[in-house]
Amino acid sequence: MAHKEFTYTRPIAYYETDAMGVVHHSNFIRMFEDARVAWLRERGVAQTHAPYSDVVYAVVDATCQYLKPLRFGDFAKVRMQAQGEGAKVRFRYAIYKNDSELSCTGTTLHVAIDKNFRITKPPTELVSVLKEEHWTEIWP
Amino acid sequence: MAHKEFTYTRPIAYYETDAMGVVHHSNFIRMFEDARVAWLRERGVAQTHAPYSDVVYAVVDATCQYLKPLRFGDFAKVRMQAQGEGAKVRFRYAIYKNDSELSCTGTTLHVAIDKNFRITKPPTELVSVLKEEHWTEIWP
Amino acid sequence: MAHKEFTYTRPIAYYETDAMGVVHHSNFIRMFEDARVAWLRERGVAQTHAPYSDVVYAVVDATCQYLKPLRFGDFAKVRMQAQGEGAKVRFRYAIYKNDSELSCTGTTLHVAIDKNFRITKPPTELVSVLKEEHWTEIWP
Amino acid sequence: MAHKEFTYTRPIAYYETDAMGVVHHSNFIRMFEDARVAWLRERGVAQTHAPYSDVVYAVVDATCQYLKPLRFGDFAKVRMQAQGEGAKVRFRYAIYKNDSELSCTGTTLHVAIDKNFRITKPPTELVSVLKEEHWTEIWP
């Protein structure tokens, strides 16, 4: 039984743009995080995010493919899916410009670490949540 | 006996610009901090900066007057002076565009706080350093 | 006849925090901007914001007083008021932590400039809007 | 005839850290850019960077593998190599913590675009530079 599709929408901030007039490419990685945090909040496990838990999921890998620039005045709609991969979890993202045009896709891979940044067992609340999540076949 | 004039120079990063083609106004506050950190390092008291000390100087007030925009390709030269004000310390800054034109001026006021964000006695190493510092009459 | 009180609320992003575990002081300046942009949008004059207009209001002065830290997990509620000062406009801000405790206050002063960053006459749509705005006596 | 190894070193800024006490993962993408810009400057072709040229190389893909956290007080040493791939150019990066421990690796892929964000022929100065560049077999 799949969770409902998750989307997160927010306006582009002016300080996210650069001298080409578009959102700087580093800020898409930040929008991925905004979506992950909103997803954790919706799933009721926001307390597992750093720095509120002794065990957190750290980012060990990130990728981003840029297709269409976003500008100030646009809204970014982030679709996101999660998938457990053993002790790891992989998220994938698709950001749309104003709900219609695909602006970028990307992924992040996370591993559970403790306060000393050593790999450890993931937080049980999140493991439970991840059992209900999976990537769909068709994406984006 | 006054300390020698302190200056800190660094290139403008592309990600610091915005869609007007100039450095976003929030980033001048960050350049002030870059200069403060370089100043602490030069004075040999970088270990008093958060998060490395139990007692640190937190920012309680910041001001910035914007005179001339900075662009990607420019170098920012930050002049800075410090002055003890009782248990507080006030820094003032003047940022120049490529060593010549005044781009902005500003100030920050800091108070010593402990790990619980309570006001406390300032770090003794910094107090010693501040005894040698003062604002010049002519500025900028 | 006064416009209704304007407030803008958004969650703190994780990337806005620093190694002290609190929102970095430069990011309050960015929250001021987020509130200004939301205010322009509500007033129906978002098109006067850079880079969409030939004449825009540039920031020439900013101040910020920090009272209480914000953390990841908090929501920032920004109250904001605008006031015309001749050809200039001054905004003032009060940011609350989770709707209750005052976290910071601040101001920004803006002047109208053209595409060449020369001072010019302000956009007429905004002048009309500003005629209806004023600072209240009691603040914050 | 290979160009000499390129490295770029700068201190970690305090505002680049997050509430875990380490550099936020999005900022490694920004350090990649800092290194690219320094590389362009050293090669004498900084004027081909946006927004100074009608034809620029836009980022279309970025990857980052995070191995070891960086903290305030650390210096990031970025090693970088460039390689032409037809009309595209791919950079790869290895960031070291204080010159010794590998902190992260990554890549960016760039295509030439014109002022209207349409794919176009790359700037000739950069094409000349890229003829002298190549990835080494051993990396990092």
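We call the chains A, B, C and D, going by the order they appear; numbering starts again at 1 in every chain.
Everything below uses one rule, namely that a residue touches a chain if its C-beta (ideal position, glycine included) is under 8 Å from a C-beta of that chain, and two chains touch if they have at least 3 such contacts.
Since this is a predicted model, take the numbers as computed values, not measurements.
In this assembly, the chain whose C-alpha centre lies farthest from chain A is B.
Interface matching across B-D, C-D or A-D places the copy of B-C, with more than half of contact pairs shared by residue number, at A-D.
Ranking A-B and A-D by contacting C-beta pairs places A-D first.
Chain centres here are Cα means. That of chain A falls 35 Å from that of chain B. Inter-chain spacing, taken between the CA centroids of chain A and chain C, is 28 Å. With centres set at the average Cα position, the gap from chain A to chain D is 24 Å. The set of chain D residues that touch two or more partner chains comprises 14-15, 17-19, 21-22, 26, 30, 33, 50-51, 72.
The touching residues of chain C, when paired with chain D in their complex, are 14-15, 17-19, 21-22, 24, 26, 71-72. Within the complex formed with chain A, the chain D residues making contact are 18-20, 22, 25-27, 29-30, 33, 50-51, 56, 58-67, 69, 117. Those residues of chain B whose C-beta lies close enough to touch chain D in the complex are 11, 13-15, 17, 21, 30, 33-34, 37, 46, 49-52, 72-73.
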